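Residue numbering begins at 1 within each chain, and the chains themselves are lettered A, B, C and D in the order written.
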């Protein structure tokens, strides 16, 4: 069986695994990301993880390629990490560094694209050609598969879907602009919405207040999720508000891209029907041409946190 | 020299021409579109135009393919016009009809996609792989070329870029939704904006009022263009407002698609720098990650009203 | 007992009544408004109604003043109707005309102010000094009582509360501007919202579709009310949407005016808790300083369609 | 000549002065506000300032009343400061405290109301009955004079005009709500706008970058003012953007209140025509019924930082 290694570089940890052609992960290693020690240290941690897997007596010898998913911008040749927020890499020639070390073919891919690819190959959107993956985490990440291939754009930075404007003159975004989708439909937006509702109508947020010790500034996304699952009215409403914004943005992406599936991942999507229901309702209301066209199906992601690793490994085969 | 026929079906007229491999049009015929007489009459006009061109003594014999650009939705097999606003076609099997009649290979394509393709092959975005074409006409049409190919989406209806929402709860759109981009950056928006400004501050709209006989209800897009070119303050401001909305929407499309070029066509784009200047300024302000990334170039379309015909003809070769 | 006559001039009918100091109406007459026959005809109908009441054998002799409520702008001396939409009056010296005819003291007041005054004197906001009255009819009308007196503004045209902007670049308003509150929280907005929801998700609008013969273009406000009262999901949602916009606007008015009561009248407010519930919830969420301040009470109007007449009559006593 | 003392309590200093019936200030004292030492210390500083003025050999004996302007909420009896941001007072019985100490009549008034009153008595809006005062400082403060009297609302907290919503789901405000006017038209908004423009198009912000040492995070309102006066394109544009939002909000206030004057004070208004021009233009475009009505005049405040003190002193005479 042909095996490849997939690496998922995150802001806090590097995860790597040996993956077979069915997307099954055979062994995984995890190491903290040394984000403050310069680019070489970060590259070294990636290499150490790969080395450990290659040294596996049963698996290492069969590995014939390496795929690396990384946050940030990857250049159009899939070689160089030009910029990665929360990582020390700037114009880091990651592919050649890793290739020189191990002599195996290496591909470098944006992590959201890698995760999207994994969902298309082995997850929620198998065999589909046009797929939009939306990761509702702290912020919003995006990955596109178009025409059956990962879509990277001309300069390698397509699918910055968290940063198209949904509200003119809206909430300030960390990216420096106003009204980005991420400010309305992400995990951070979920917490901000719950906090604001809780402060406005505290009497209706009983469970939510317990959850955060009655201090809305301490509220976390997990608190909102727990309270919502326990039926807290305000937590549910926060999910409804955020879900409606999510659906509205998906309607925009659908007008532009006409996908077969929109796959929702990330911590907010773990809310399941609590978030999917209002999302689908808003999507249906906002999408143009609704009754005259076929619409994409909105699905929850299936591969969870392994998606980036699995997708990177699979891309190494291509 | 290899020749193909391109047909551009519009709401008011059908234009067809014989096109060579350099995009040069050798002969053109035009006929009014019989929009009220049922699907067969419309198909017949298309066939009559083709027939006339095929009968040309010098050119007809060399034609070896037919491409048809049509408004509305074309199914994913590029055969059937499923729905076309302002035309009588509903599930019209246009490709087989035309093929049966002439025995030549036929492709059917959405007209905006055909025009986008023409700009990539012979116009403002030659040789580019990732291109967004925006037609600022009465409404807004869009065509995408991604990965070097026309991008149609899963169900054949991608690039409905006039109908993604830019203002929540914004102006009602003819599509039944609120706040569509088309309501802010199209020719119709240009006229509405000029009218509203003219009614608010008539004393500053001298030239514009002459242009429409002092009756803002009679104002046309051409009036606004003429007055702007003559330096009318309000007409120029209307272009600035519409240009800013155009730039804002292009920033959203760029965040999602990361194109190399954004090509602007349609009557509003004929304003040249009057519209391109405010559009570029707004684009630069609104695009996410501006200083950390390469940005697409915003260019005026070059092929004018022939783009649809030329693009359809070229697609017939593929 | 001291009696006065109150006249309520509407676009379709003129209502007049004899009112005592407790706000009780002792006799009423109604006549159609001759809106197309010039200003004199309209004034004449007002006079005819007054004449009939004055001729009443038991009541007429005790009448010692006349109050007239009219739509549109009344000048600051409360004498002249400067402009009245849907009526032929332009700079009509209504007070002197009526005074010359009957020799009694006459006051002319904007109809929304008159209705607001009636609610303060005899209705939902008795004895209050600071009251905002909001009439959610086809459009939105407003009347203010501030410092215990009707508030008219410097030029007699205060309380055009239907026409402050709640959505920048929002829906076009009949007044020529964008995003006026009236476009979101009026009866017309209720119908538009229900129609749009019904077209988006027809399967959920069973009762509403019955109500309008499955043709959303035929939908009326009464249909939405009837369907909502019968539990139709989409009709209820339309009320929730419109109620939320109403509450949002009331939060703005509260930040500016700090009233004791906000009184809601008009056809939409007849929905009772169907509209008041979402309105109060949105109000509470949107009002600034909520937990650090006392908030106005939101109440339904009590005097119904007699409010204008009763208020005008009462103002004639002052 | 009859004299009164006016006190203006600010977050950083207490200013007090002896004022005559023409609004002339005869002597002023200033002391830092002891904001962290509890309510008594703050009250004591107010009393010390008054004591010093009363001890003036030439003026003290003629003083027959004391007016105190304070930020925050003053109860409807004008006696108690219920809440004052940046000051230690909570339910502070300021009037009785000061009265007990000096035996003179005392009035307590919100500082923005006091300043508005000063402009009506001696400044930009003399003799007017309906005036809206807008202070464009770090935030936005407001004072209303309606019917010739300071308007305080039912609970003493009217004119929170910085906190009515102008953008649904807009920028988060310190008050906990979204889209407050203050987030768009205040001094803070001016800096945020200039910063964002400077970061987007640094090449056009030459003077502005000099002003802040090329570090947009260090930018101050004074920098933007200085650069604008020196003709910096981006600084001027920031004023234009903020001025347009100011004009838009004033259009809303005009629809509701129909004032004779809108008086603009605060640091942003010190920009003079740089801000007043775009403000007036936007006002004219946004105000409802523009050509069918008389409009308020927009004027710069005249009394500067003395307004609060002078207004409080004058109110002590009433």
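Rule of thumb we're sticking to: contacts are C-beta pairs under 8 Å (C-beta built on N, C-alpha and C of every residue); 3 or more make two chains touch, one makes a residue touch a chain.
Each chain and its UniProt protein: A, B, C, D = Glucokinase.
These figures come from a predicted structure and were not determined experimentally.
J.: Could you give the fewest steps needed to travel from chain B to chain C through chains in contact?
T.: Shortest path length, in steps: 1.
J.: Which other chains touch chain B while also touching chain D?
T.: Common contact partners of chain B and chain D, which must touch each of the two, are A, C.
J.: Roughly how far is chain A from chain C, going centre to centre by Cα mean, in whole Å?
T.: Roughly 52 Å, centre to centre.
J.: Could you work out how far the Cα centre of chain A sits from that of chain B, in whole Å?
T.: 34
J.: Where the centres are mean C-alpha positions, what is the separation of chain A from chain D, in Å?
T.: Inter-chain centre distance comes to 47 Å.
J.: Enumerate the residues of chain D that touch no fewer than two other chains.
T.: 167-169, 176-177, 196, 199-200, 290
J.: Which residues of chain B touch chain A in their complex?
T.: Interface residues on chain B, with respect to chain A: 73, 83, 128-130, 142, 146-147, 149, 151-161, 163-168, 173, 175-177, 180, 248, 251-253, 255-260, 286-290, 292-294, 296.
J.: Which bits of chain D are touching chain A when the two form their complex?
T.: Residues in contact with chain A: 167-172, 176-178, 184, 192, 196, 199-200.
J.: State the interface residues of chain A toward chain C in the complex, per the touch definition above.
T.: Interface residues on the chain A side: 168-169, 196-197, 199-202, 281, 284-285, 290-291.
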